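One chain, subunit A, links the two complexes that follow: it is found with subunit B in the first and with subunit C in the second.
So, the complex of A and B:
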């Protein structure tokens, strides 16, 4: 060691050579163009041809979407721009737009659908706010309890005792989530800490802290029960539901059940218990091997044949169940793939510290596996979102079903392209948002973990 | 290598009592057709420190993994602190929460911070409150000399630090027995001593320890008994002085000459 340092002090100070500029035309815009577009004769030809093709498409699209656009008309005949040629009838899309979104839901009741959507957004937004605590609880109640409130708001009518309780619970949860998030944002500590503080339990042992929280939850429940007591909505039978609203209901329920059901099926498939494993494998293989459209037809036409006479099962309900089962089977294989990426040592370490099976799955294995699974899970969700359009074939008026129905309307007969283009844009926005969010999620979850 | 283990050769005072902590009788295990453990009879007393060595594939890891049922033995009896290991899940969980284990590849939970790694099991298995568990975790992290890393993720630590966290994680459960499965084999040479130092300090507290290791300096200094295994059998067991000075069987002599010659 000492020798080396002596040598360093004796020798001259090292001065690096100055940087030389890179060769011309290799950096900047010109460099990029040369490298990516005009790298040799063949690639230059391809670039020019592609530019011509793209230009041609753009000009034609511009002509279709803007030059020939007819923005005001009350029926398709008025959309002619010459006696023989139809223009691009955006007026038709505008005329039917409300139907594309809400289906045949009565106009005066549409506010219920909108309010449920707003409630869901308000419920879930806190999950993305960094200062809010107890995010898992918020998300779980949003997925498990909100559907009861939404279901009642959409459907209306009489409530039986079960719905009465669930709607009250959901309302109570919603108010709690909002108050909790507000307190977190403003004061930095959540609702349970405030309750403990206000009840004077702050000085007592941690095990007693549950008491005031449970009492206030009960009070909250009673208040919500009282609030909803006099409120009743007009019944809106679910054959009036339609459009994007119905698409979102089906795919939303499908997405919300597919992941937990898929996790259970995947764990079942890896179980050491033979009966459970065989059942799970049979379920997964059966539903993966049959096209969704077949399952939908079976659910709506064949299944009722097995039911006792006079027993009707709702078409929408059976379609939703079919979509859920199908999605769960696919999700199970995605989850199984993710589970296989977790090294055996993680299971062993979790077992060795004494965690039970469910604890080690919930705290150790799943959180890591889900991170690997995000791209596949989101692709599955996107697939499911788009696949729900198949329900239009069994006679449900989802977004695509509404578009087909519109083209049959006597005044607007033949209105196909414009609504389909609109639907494509709507689906693209939904799927692109999901895809971008999943990329964001991957980056965020990857941060801080090192290797 | 100039570690504390090899420079100071004074033997630790034996803390072994005559109370049996682990007893194994006629334990047999097969992996398919491969007979890994053959009629193992072994009693380990409370406070005893045992180093198990032997060539790879000799069944030494399998032996200690049977003690907390990471591997299932197919024949014979194992009892830990008087509880017999069978397929009863309750017994298995009781034994696992009393027996700590440190792995060759650390097996820390990469998605949790060092502190969360240490508090998870005490909170969920021992039903401690979070604050209690954190206090205990910080105490043990201080004992393994890395309290300042508590908020980091395992991936941000060096191998030696990760292994020390793994030791602290096991100790947080307040175990009565600690199993070490080649704890230094995956480490860079300059990190081995920091882990061994922690293990020596642990031995000084009177912990019952079973260590699968080829660190002969550690065995000399800490072990009450050295066990040599080959082909699934316990070939020889003796005090470290006797074991290294007068190995009895030819297989032991060959093994010792191989690992001590380099």
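So, the complex of A and C:
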């Protein structure tokens, strides 16, 4: 019996035939086309229709943007390509472009806006560098202390004692952040370790380590106080602010206040204390159920009435407060969504270890919840960036306000489409980048459906 | 008992550390601060209003508004009261938002399904449609549609005749349409239509019930169509076609008669529909993708027809994921319709919060009334949403 089977296996060893080539037209470019574009009659029809539509759009756009383009002109009349027809007046956009970005800010002072932007970027870039330590401190100082420096750089003029101190602190912080990040990148250890080592405290006990750090911080503060002492910028009143710069200032302040305020409101909404819960729910529901434009109108008409006698609030400040209130209410709902995603066991475990409410929120719940929330937070920021355009309705000259102002300039009267297109491109780039970044975060943090 | 408690060390500390007392204390403090803030705001407002000689109270609502409203379906004259203006604004906002909601939802479903198409080109176009629209501000889009399309329309003499109809024309004054003018017996047709709807609903319910009990499927498509459409048409013909059309006619420099819609309204409507359809498309796509593939396979293996798989298995489950975000999108449409103010369509914010407020100066009352309207709408919508959520939760378990 066994012999026979052995013989069989030996004599009839399975030799596979060579693979047949795949049927023609199912691989390569043709196969892809057949499968994705011409898969059946309906699909082919849709493809052809889409191609016609794309072609039509492209031809028209090319004609509008390039064939009819007028690149050099000093007013709209020179943009005519025939006596009856205007060309696409890119010259007007070029003429106004600086105004789109900076509003009516004086040309000679624009460097202040630019350098504040560069300072912010340099301040925040270390947060994204893997080797840098103490990222939380860097981010917090960037959000809490940088605004004073930026505010002074934008506004200029006289400083009172408070601004004097805050600007000095901010400058000191900025220099510290830069030096710290540089040291981290090059040597792998942060600025405090270096100070301790250089001061010769490395061998002493841990408790004494903060002495040289505090001393050098104080020296840093005094030096920056001394540096800024003689420096004063020309005053630029905030009705000169405008364009993309103003849009970013309003949405930036809105974003910076929305997150902490939203976290507090969301915690309040889930609180066991009835009074606090009711107040938070009322605030959130009120500001979420009315349109932003009504809040802005309320701000401009009613905030001046709310203030005690002798106080004045300008339009920009009212608008910023309105945007902050609105953004905080929306952020609170995002945070609540994140908090609800945390299993109850986490809260109970934190309590069981004996953490207080704020400890358990700060160390256990929030770090996990923030991970779930980040994509929603980014899309909320995107929405705020877009919604900031509404301030143009109450008469502020943000990017859209400047676009509308072009068509009222006597030299460029009636120039609408080109500036609008420019603004749309600017907004699209900003928002598209943000949404792609949020998708990237979603994938990296694994909070999505994928895993 | 008292002896025991007096022996406990640190009686005061025990109270301070007791969570209940602390929570009461915090609540009292917060409540006190809140009351103090409200009172000081009211006091400041009263002082400021007194120094500015602003009147308080809702009496101004009876005064004559004295300004014309560019478009309203209501019978409004400039001599009417401010309250009438409020009402006109509400109706205009609701009409604008209502039409936009229906069209945006429909377009959103189309684009959302196209995004899932196996045709690569179509899916790409749909996804770029969504990206471009979601990443630019709505206000910019509204201004773009207005200045780019609806402000450059020809004068009435060179009107565009849509589909070649002489009484359906588009020009720089607006879109002119024939206006139906019901005669005496028209109410019978309306009655037949409403009755037909009720009968159709009952028929469908009974068919579903029978299918659940016996498993026998009865197609109700034909009887439904007959009851809803054929019956009213028959009644309409039998009563002698009691409907007249008021046609717009070119007289002098402008069209007279018929119904018309402002170019600004068309622009806002197109912008609202297109912008929100992009969001709706994402919801539809996410909803359909949220139904796992196993459901399709399980339904097919039970032997259901392809159309039944879609209708009885996939769509009901997808709807569960689509409807809640869709309803909050509708709320957003209502809120965003207030942006119509940017191009001068007379909605609630424009006629009441801007023109009436500037004229009468009653800022506090007017802001409160406008906010009350929007809050009513959104609370109503979220109440409906809660009812729906309860219902689908029941079917889930």
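The working rule: the second predicted complex is superposed on the first by the 409 of 451 C-alpha atoms of A that agree within 3 Å, B and C clash if a C-alpha of one lies under 4 Å from a C-alpha of the other, contacts with A are read in each partner's own complex, and residues count from 1 in each chain.
The definition used in the following text is that a residue touches a chain if its C-beta (ideal position, glycine included) is under 8 Å from a C-beta of that chain, and two chains touch if they have at least 3 such contacts.
Model, not experiment: these values are computed from the prediction.
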Touching A:37, do we find subunit B (first), subunit C (second), both, or neither?
second
In the three-chain superposition, say which chain, subunit B or subunit C, touches more residues of subunit A.
C
In the overlay, answer first, second, both or neither for which of subunit B and subunit C A:229 touches.
neither
Just checking: does A:423 make contact with subunit B only, subunit C only, both, or neither of them? Give me first, second, both or neither.
second
Give one of first, second, both or neither to describe whether A:408 is in contact with subunit B, with subunit C, with both, or with none.
neither
Looking at the overlay, does A:356 come into contact with subunit B only (first), subunit C only (second), both, or neither?
first
Looking at A:114, would you say it contacts subunit B, subunit C, both, or neither? Reply first, second, both or neither.
neither
State whether A:54 touches subunit B only (first), subunit C only (second), both chains, or neither.
second
With the two complexes superposed on chain A, say which partner A:298 touches: subunit B (first), subunit C (second), both, or neither.
second
In the complex, subunit B touches subunit A at residues 68, 70, 93, 96-97, 99-101, 103, 105, 107-111, 120-121, 124-125, 129, 131, 153-156, 169-170, 173
As the complex stands, subunit C meets subunit A at residues 23, 26-27, 30-31, 34, 40-41, 44-45, 47-49, 51, 117-122, 125, 131-132, 134-140, 143-144, 147-148, 331, 335-336, 338-339, 341-342, 349, 353-354, 357, 363-364, 367, 370-371, 374-375, 377-379
Sites on subunit A touched by subunit C in the complex
36-37, 39, 43, 46-47, 50-51, 53-54, 272-276, 279, 285-286, 288-294, 297-298, 301-302, 304-309, 382, 386-387, 389-390, 392-393, 400, 404, 416-417, 420, 423-424, 427-428, 431-432, 435
For a test of understanding, state which residues of subunit A touch subunit B in their complex under the given definition.
206-207, 343, 345-346, 348-356, 359, 363-364, 367-368, 371, 448-451
